[in-house]
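A quick write-up on the structure given underneath.
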Amino acid sequence: MATIVAEGTGQAILEEHHPQTFLRKYMFSTDHKIIAIQFLIYTLFFLMIGGFLAIMMRYQIAWPDQTLPGGGILPESMVASGYMLPEFYNSLVTMHGSIMVFLAIMPMLVGVYANYLIPLQIGADDMAFPRLNMMSFWLMVPAGLLTLASFFVVGGAASSGWTLYAPLSARPDLSGVELGQIYWLLALVLIGLSSILGSVNYITTVINMRAPGMTWFRMPLTVWALFITAILGLLAMPVLSAAGIMLLFDQTIGTTFFLPEGGGQPLLWQHLFWFFGHPEVYILILPAMGFTSEIIAAGSRKPVFGYHAMVWAIISIAFLGFVVWGHHMFQSGMNPMLGLSFTISTLLIAVPSAIKTFNWMGTMWRGNLHFHTAMLFAVGFVAMFAIGGLSGIFMASTPVDIYIHDTYFIVAHIHYVLFGGSLFALFGAIYYWFPKMFGRMMNEKLGKVHFWLTLIFFNLVFFPMHGVGMAGMMRRIYDSSGYAHLQGIQDTNALITFAALGLYASGFLFAFNFFWSMKKGKKAEANPWNATTLEWQTPSPPMHGNWAETPVVYHGPHEFSHPDVEDKDWLAQNERPDVVSPAGGGH
Amino acid sequence: MAHAAAATAGRAHERGLDVYTQKVGMWIFLCSEVMFFAGLIGSYIVLRFGASDAWGEPGEVLNVPVTAVNTFILICSSVTMVKAFAAAQEGDQKSIKIYTLATAALGALFLGVQGYEYTELILHSEWQGSHGFTPQAGLYGATFFTMTGFHGFHVFLGVVFLSWASIRAFRGHWGPNNYQGLEVLGLYWHFVDLVWIILFTIVYLI
Amino acid sequence: MDWSLPLNLSTQGVVIDRLFWIIAVLTGVAFILVEAGIIWFSIKYRRRDGQKAHYTHGSKKAEIIWTAVPAVILAVLGIYSGGVWADIRGASALPQDALTFNVVAKQFEWNITYPGSDGRIDTADDFVVRNQFHFPANEPVIVRLESEDVIHSFFVPELRVKQDAVPGMTIPIWFEATGTGEYQIACAELCGLGHYSMDAQVVIHDRADFDAWSAGQAAGN
Amino acid sequence: MSDHAGEHKAPNYMLIWLYLFILTVAEVGVAFLPIPKAIIVWSLLIMAFWKALLVAMYYMHMKWEPTRLRLVALAPLPAVAIMIIVIMMEYV
């Protein structure tokens, strides 16, 4: 129980006056802001790796009959006499999906921003359990190392898709992969533990450590989203851990949980995986929705349209998220009777998403829109997420899913929600909170170039995939040239690959901006966006302990352009109420 | 734990749960534990439904009397745990020492009996005509060892924490102003007991 | 690439394609609404210094409208989809006494068991052909899917059929082809290194041709 | 410090212990009775639930905690129920 001991305020302040070693300050820090930055570097690194795997995959898909440029430096088990091997392609798909979901996007949404923003936005001095927080980062490190190492062990990395469907994932004799799969399952267990510890921390912090006056309905939408996300993680991750451990036993000690030869049930794996997996995709979108709400409000200089509806939408998406998992299993051999109930619940979940989409548009309506880079990405998020969400409606309809299941139509959906959704919002969040994190502004010109390149290339990569999917191209195939019905799409595949290269390159433009601004960017003031939430009411970057004195909250989270406030168009949450007629807590 | 109470009080906060932070944190952590065991138990139910012929009758392979005694041991450790907590609240230093130590010892005893049970099963039992009941002995063996094994692992962690709490007890650490650590540890320990109550019933008796 | 679904050759495909295009129109309208709205607002309300934004916390009426309208559309869509699904996969949808084939998937091939001259499966005159699936058009046929090793998926794009073959399970599906010709079975579930090339030939015959082919095969056995 | 654990009179922990002991003995007894399996299973489940409830209410002090904390503790149960019920529907 040693880890559950809280670090008191007193101690935090004491620490400030001790000269700290580099190790104490940056490596084993318990300051939530430092941990968030550690997570940020970590996840950006894995974003780069995951993207690189995608580029290799795309090359193969576009030109299956050509040698892989530079493939010569890879070992024979991956690329033989210049040609990529099918087993290596399968590893690439698997690890691309897994790394992006578990090591890039999820820890970036939660590890970085839940960590950074929750204490700052609710007016706390740190997380409830700072040492647990440090542990949740350090658990990710071996997970990442195992993942990277798995490429270089005998048999290569895991290769049964990020969904790890048994029996393929459990039978080295059938997949050819033994150690790689084990490494990845171990990594998954570590990631699970890390995110459970994180969730405990975030939930406790939000419940118990809000500053005076920070009532539930004065919390910024980001905090709401991250809070509900943490609950999803808390309840969904352990199920994946349990299932992953059973799979690990099937793989290593000869049990047969998911192997029919021993009476086991392959479909049980799918139920457990998707019981986790669907909540997981909402873990990947809810925080993004939170950031977007905040950035759009600040960028439009207007309060969020329908704040309460937004909160209830988050809650109902999360709740419904637990009852729709079967929509991944319509063609799996699951009892068809379950199909109808899963269709209905899946379609139902589009309603709160619609509420959110229209409320974002409502926030922009009659606003005074400041299109800084963060705002561009946030608006881009709304535009792209809508496309991804709408393509989800096709699959939710069971009969249509018969045809499009496991085709590139699904791949298009995945990327519109995960890249056009989560990653767009994350880019927005990075530009928006960078000044707070590092005390410097990112370069706006480069940022805008990055936005437009990303938007254009992104759509060139992923929009045509809908068409490729309609033509019937299956997912996870290494070479489509053997299929008569896929002859007409090869040019499109090549176009997609060219665009993907452009997309990846724009990522490096961003990387340059990021690192350059960290050192050379314009110095940031405390509140460069004239925003209202608490984190902007303390210096950039905030000191250890966050506040000179604990803030007291008097207003709702997004009071922009209040008619009673003169000479500025925003009203910070902690500004004394005598500035305006008291705004109700509920607004 | 010395500054735990002070730390919470020192933080000006909006009315939360009216419960100190460590306790809230532990309950939330237990929620995730519930889901973890639900994953295992849910799989057990499904697998058993799908292949009920692969399961033995109660007492056929598993030694119910020994495990019943073991269950009793765990229940006793729960009562000593709660007694330790009560003693801390009252400041009865002698009882604190006795009860924390007893809890740790009973936990260790439970593990010992489980180790004995495992050894007997693996080395000296018969199941479906083959010698030894192991994790490889079909779904019955696999689910049995996975579920009881993970429970045992939780008991083991509990014993480690309890030993640490006992050492602190002997240093006079716990008392009326400082019982939160014991309470939080107690929550974990009782939860492990609670899981065992369920496991004992569905794995051994049904 | 021409943004269309490939040729459809099955009765189920007609309904599936119709549903696909209905959804395409519905979501298309939503798509245009959202994207046009965003672009329009972005231009119309772009920054003008010295002017304050309109201060509002929302509008109950607007919110009720944009909750209720999608809810109704989606509910109708859900019920309609459910009906179609029941016709295709419902427990009672499987036609009685239809010609039945066993299709057994394994890494990386499809083995099809034919009913033979008596037209019944699981009898002595059944015969097996590897990677060739012949069947008659214009009558319902049943495929009983099994797998020997890992999960595969039986996918014939032109028939709008896709169903996983799961080891340890036998999953019956049915379809009725409306035309003849030669196509391919593709495997749509990642099943190992040969997944991409796990195809088999599909030949849809007239009934008479099919009988003749079947008799020829049985004799050859 | 707003902790309720100290405010109530401590329950008789030994009495709960006795309860748990008796229920355990009863469970083992019932498991081997020559009556229909369904009855055995249901009575065992009820007794197990009862024991679990005793532990949670008295040893884990749920009985004296504020309702909000009780809600936190109960939060995962709907998810558990949904998971198990739906997966079970594979077999109906």
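Letters are used for the chains, namely A, B, C and D, taken in the order the chains are written, and counting of residues starts over at 1 for each.
Just so it is clear, contacts are C-beta pairs under 8 Å (C-beta built on N, C-alpha and C of every residue); 3 or more make two chains touch, one makes a residue touch a chain.
In this text the structure is predicted, and so the values were computed from the model without any measurement.
Graph distance from chain B to chain C, where chains that touch are one step apart, equals 2. Mean C-alpha position of chain C lies 46 Å from that of chain D. In terms of their C-alpha centroids, the spacing between chain B and chain D amounts to 15 Å.
Inter-chain centre distance (chain A to chain C, centres taken as mean C-alpha positions): 31 Å.
Inter-chain spacing, taken between the CA centroids of chain A and chain B, is 35 Å. Shown for chain A are the residues in touch with two or more other chains, namely 207, 235, 239, 264-265, 267-268, 271, 337.
With touch defined as above, residues shared between interfaces to two or more other chains in chain D number as follows: 72, 75-76, 79, 83, 87, 90. In summary, the structure contains touching chain pairs A-B, A-C, A-D, B-D. Those residues of chain D that touch chain B in the complex are listed here as 1-6, 10, 13-14, 16-17, 20-21, 24-25, 27-28, 30-32, 40-41, 44-45, 47-48, 51-52, 55-56, 58-61, 65-66, 68-69, 72-73, 75-77, 79-80, 83-84, 87-88, 90-91.
Across the interface of their complex, chain B is touched by residues 1-2, 4-11, 124-125, 128-129, 196, 199-201, 203-204, 207-215, 234-239, 241-243, 245-246, 249, 253-257, 262-265, 268, 271-272, 550 of chain A.
Interface of chain A with chain C (complex): residues 85-87, 89-90, 93, 159-161, 165, 167-168, 171, 174-176, 260, 264-267, 300-303, 305-309, 331-333, 336-337, 339-340, 343-344, 347-348, 350-351, 354-355, 357-359, 361-362, 364-371, 379, 382-383, 386-387, 390-391, 393-394, 396-400, 402-403, 405-407, 464, 467-468, 470-472, 474-480, 482-485, 488-489, 491-492, 560-563, 569, 587. Those residues of chain B whose C-beta lies close enough to touch chain A in the complex are 1, 3-4, 6-8, 10-14, 16-17, 19, 21-22, 24-26, 28-29, 31-33, 35-40, 42-43, 46-47, 50-51, 54, 135-136, 138-139, 141-143, 146, 150, 161, 164-165, 181, 184-185, 188. Of all the residues in chain D, the ones that touch chain A in their complex are 72, 75-76, 78-79, 82-83, 86-87, 89-90, 92.
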